[in-house]
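After this come two complexes, each holding chain A, first together with chain B and then together with chain C.
Moving on to the complex of A and B:
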């Protein structure tokens, strides 16, 4: 009886959003009379951070401080249409919509400032600190706040923008079948190191090493947070979680958190992440979504590592101690596969 | 049948009429208007409703409200001192230890109980202290790190 080490690898190309055409997201941006900007969305922020990233994208595009932008999400009665927060699509789809809405609002902002300064709007620039001035002449300036007040109380204008992102439908070439099914891919590679106890069948993940290519990491701390939490969920699905009973029938299945197994705080796995940044041309400032692929590659990598450790191929999840032991018995004992070059 | 229950909530004398048999979580949220403890599972398995009673962590969904009469109850709602956040709250924010945030109030109270009785916890002490609090987003690692960081900051202060 022994503890066997195993290493497993998996890589993934993950498509962003629903593809083949459509998948719309819309955003509205408007200013308050004191020069703050509100971004109205129907996206849900369930912790992944679309509120933070949407705020950054809008502020960067408008040319105003990030503190002056507020994102209002998750009311489909008052916000414009969005397909939803799923398929790793939020940053890419909604991000593009926010940029378009903010671009339109910025044009109106500069028009209003131009009227106040009696110059041409195309000569104006923003300094990102709440001021608008004539290119090359910083003294001829007006604040965003004064511009918004003038627009709304004197000029009778809105400072607002509408943004829409829609993936164009990809036609199929009738001769070759060629098409563009996907608008944007993110990529990852992940290595799992684990041990398998051939007496108890228990699998213990010891290290995760991963590399993620997410375009530009628009908010690096949020990306890292999502990757760490997502990998935990991958481990959980690979080794613990199931609504099916392990033993004889459905009536023995989990009915609450006491029975539905998940790794606890004592099972946290050290995870070393390298984030590679290759900004994607059709993505908002190059940022794609980490989203679902935080968890996905963990599962095959664990299955491969278990095979590497004891020679058991599990073709169903989770990989429970029982399945590992049955596999070892069917093989007539543990069959460590070794490591080429090791 | 309602009966009056008087106790200290985050240091303030509090009186509330509680239905006989009502749980503390319900009385805190509906009776006292303190929405910081969260209702998760309602059966003591998720820890989102964790509060401190005389300094000890309890899942408030399993505590009869009447049993806190004359005792002291602390919730996340009372953690900050006006605009000054508790070191745990600061460490959670700076360490990105929350995603959806639903487990956060319970995590903070379990962590406070730990740091109040053990200002220099080992990593394993932290894991033990929050083992009754489920989190589905973070993978626990950032939460454990934040609690250890708060202990360090409090030691330095």
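Moving on to the complex of A and C:
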């Protein structure tokens, strides 16, 4: 009886956005009289961070400090239509809508500033710290706040923008399956190191090394949180979770977290992440949605590592100790495959 | 836990000079979350709040002979007992919002139940306990029916009918087939030429989304004859649309508030709570909460479906995969929800991030007598990736190759033709493989370490839409009558042949152009450089000597029916190259969509497909009764 080490690999890509399009998102941006910008959406923030990423996209596009932007979301009386937070579409679809709304608002902002400075709007730039100045002449400047006040009380001008992003609906061909699924794909490759106890069948994931290509990490901390959480979910899917343990039999379905197993905080696996960024041309600043895809490579990589450790094919999830043990017994004992890539 | 940013990779396609983008800005809502002060739907308190519990089926499949709720109605605290006949539009399908599929699921079951836990009555009472005690006092007389739980059993002729709207136990695609097809090249001939055949079957388990906050909604009367709904929905206007449809009221009377949600993972798209809570609120004239407990969340809430996938690969000795066939079964449970759509999403994902010149798949959306499955993180993709990546390791073993090198050899690259007939671009699988191997001490051959997503793509057979064998197997009802094998090309039906380059449409995956010029951001402010992901311009004949780390796919093996000489020409017809519709977000200038002198005639007539879809019920711009006011696009099934 022994503990066997195993190493497994998997690589994937992931479509970003609702598969066949036809899923619009709208955003509205407007300024208060003192130059603070409100972004009004109906996106849902379920922890993935659309409020925060939307705020950054708006601030960058407007050219104002992020502290001066606030995202108000999901009130159907005020937020314009959005399809929803699913299919990795939030950052891609809503992000583009926000950029467009903020671009229109920025144009108004620069026009108002141009009137105050008596220059041409096309000669103006923002410094991202709350000032607008003439290109190459930082001393000829006005604050965003003063501009907004002038626009509101002197010029009678709104500093507002509307944004809409819609990928047109695509048809699927019934005979060939031809379709235009999505325009941008995220990528991942991952190596799992684990051990298998050939006496108990228990699998313990020791380490995850991953590389995720996300287009652009719009907020690196949010990306890391997604990737760490997603890998945790991947481990959980691979080894523990199911609502129907004897699928397709319906019996013994868990009804609480005593019977629905998931790894606890102490089971979180050490994880080294590499983030790659190849910007997608139609994505906001090139960023792809990293949230959905990040669990996917973990499942097969764990199954491949279990095979590498003891020679048992685990093609049915979850990979319970019972399945591993039955596999080892059917093979007449553990059959370690040797370290790959050595 | 630590992370490194490989800024060295793809640096020529990116500028990183920003004020806010790429910075670890603190979450806008995090202080409220970590101090426990963020308001979730259940944090909205109302005087006299009523609570709802449902009478649920104890059977997998049964006819409802009668329901006696008289004892329940007399119990203390019970305010209302609602049944399916109290719901103005009781039957719905979630994707009627995009005109996909037929209404097949009752909000509250009336004549029969199709799964354990299906709601029959909704009881509104002054407390959760009073509601539950009333639920326990309801007597339902059931006539149990035979049930089916396995997807492949459900497709057999003798299987009981799960869902009367789809009497073949499979979703109808295009009113024509009982599955979604993918056909690219000629898998059968390629299998006969392959050195190895590798087969496998893979099973995904049903999985609970397990949000910390269970699904629910509170509906409260607002002044001015409106209803305010606080909801955990992941899709605010989806839920508004479903509620307006099922209650048959104007959306002007609905005010939905959400947006701060305690985890979703896909399980909060189904929009069942909002219509029931709003209906009860209308009936009782008081605020009503409908919230699942954990048991309901786990067994009544739609889980990730149990998908089954079979893969058959034809592989050459050197590791090149020349043919791949899939047979996939999505276990939808008793009603469609979103599974029909996930089938198409998975089909668009095949054969994974690899360039394989011959691909075929049959994917089924199957009805069984279990809780309807729904979206979950990676919907339509997670199980396919499990299958494909398990299978890739088996292929590596069959040819005695390093598993990562096998993937790099077969990886898709910019310019390759994907099986759904669109050109690959913005690829980064190879670089991801190299990055993880390098830091993990997994040594790769010099050739694999040198490979690049940006070179060698679109060459030879991998750059064109091949001549394709088609078939008409699996017409709606055929399997039910005679029992057919589910695999592609299982031997019956009529074969057809589509010429090289065939494309039935050229719709764009790119977004609409901004409606006004001043909504169009300046490209240089968006951080794009170089040619990231832009489809290559039509070019001259491929220079074979330029192909560095990628062996050319031999044409005679890849497409046995296809003359070698026909392929080398000036890449593919421009009509098939996907180009952005708008002008925003294009980092570099584009060649004209139609290159001068490119023969348009290569696009075959689409008359057959047109006439068939025109005959379907749902056409563009045509309203039908019960269709939501929130249709965001119309589509043909």
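Quick note on the criterion: the second predicted complex is superposed on the first by the 316 of 342 C-alpha atoms of A that agree within 3 Å, B and C clash if a C-alpha of one lies under 4 Å from a C-alpha of the other, contacts with A are read in each partner's own complex, and residues count from 1 in each chain.
Convention: contacts are C-beta pairs under 8 Å (C-beta built on N, C-alpha and C of every residue); 3 or more make two chains touch, one makes a residue touch a chain.
In this text, all values refer to a predicted model and were calculated from it rather than measured experimentally.
Asker: Is A:264 touching the first partner chain B, the second partner chain C, both, or neither of them?
Answerer: A:264 contacts chain B only, not chain C.
Asker: Could you say whether A:229 touches chain B, chain C, both of them, or neither, answering first, second, both or neither?
Answerer: first
Asker: Using the touch definition from the top, say if A:221 reaches chain B (first), chain C (second), both or neither.
Answerer: Touch status of A:221: both partners.
Asker: Tell me which partner touches more residues of chain A in the superposed arrangement, chain B or chain C.
Answerer: C
Asker: Please indicate which partner A:55 is in contact with in the superposed arrangement: first for chain B, second for chain C, both, or neither.
Answerer: In the superposition, A:55 touches chain C alone.
Asker: When the two structures are overlaid on chain A, which partner does A:11 contact: first (chain B), second (chain C), both, or neither?
Answerer: second
Asker: Check the residue A:99 against both partner chains and state whether it touches chain B (first), chain C (second), both, or neither.
Answerer: In the superposition, A:99 contacts chain C only.
Asker: Quick one: is A:256 in contact with chain B, with chain C, with both, or with neither? Answer first, second, both or neither.
Answerer: A:256 contacts both chain B and chain C.
Asker: Between chain B (first) and chain C (second), which does A:124 come into contact with in this model arrangement: first, second, both, or neither?
Answerer: neither
Asker: Do chain B and chain C touch any of the same residues on chain A, and if so, which?
Answerer: 46-47, 49, 221-222, 224, 228, 230, 233, 256-257, 262, 268, 270-271
Asker: Would you pull the chain B residues touching chain A in the complex into a rising list?
Answerer: Going through chain B, the ones touching chain A are 41, 43, 45-46, 96, 98-101, 124, 126-128, 130-131, 133-134, 136-144.
Asker: Looking at the complex, which residues from chain A come into contact with chain B?
Answerer: Within the complex, chain A touches chain B at residues 46-49, 221-222, 224-226, 228-233, 256-258, 262, 264-266, 268-271.
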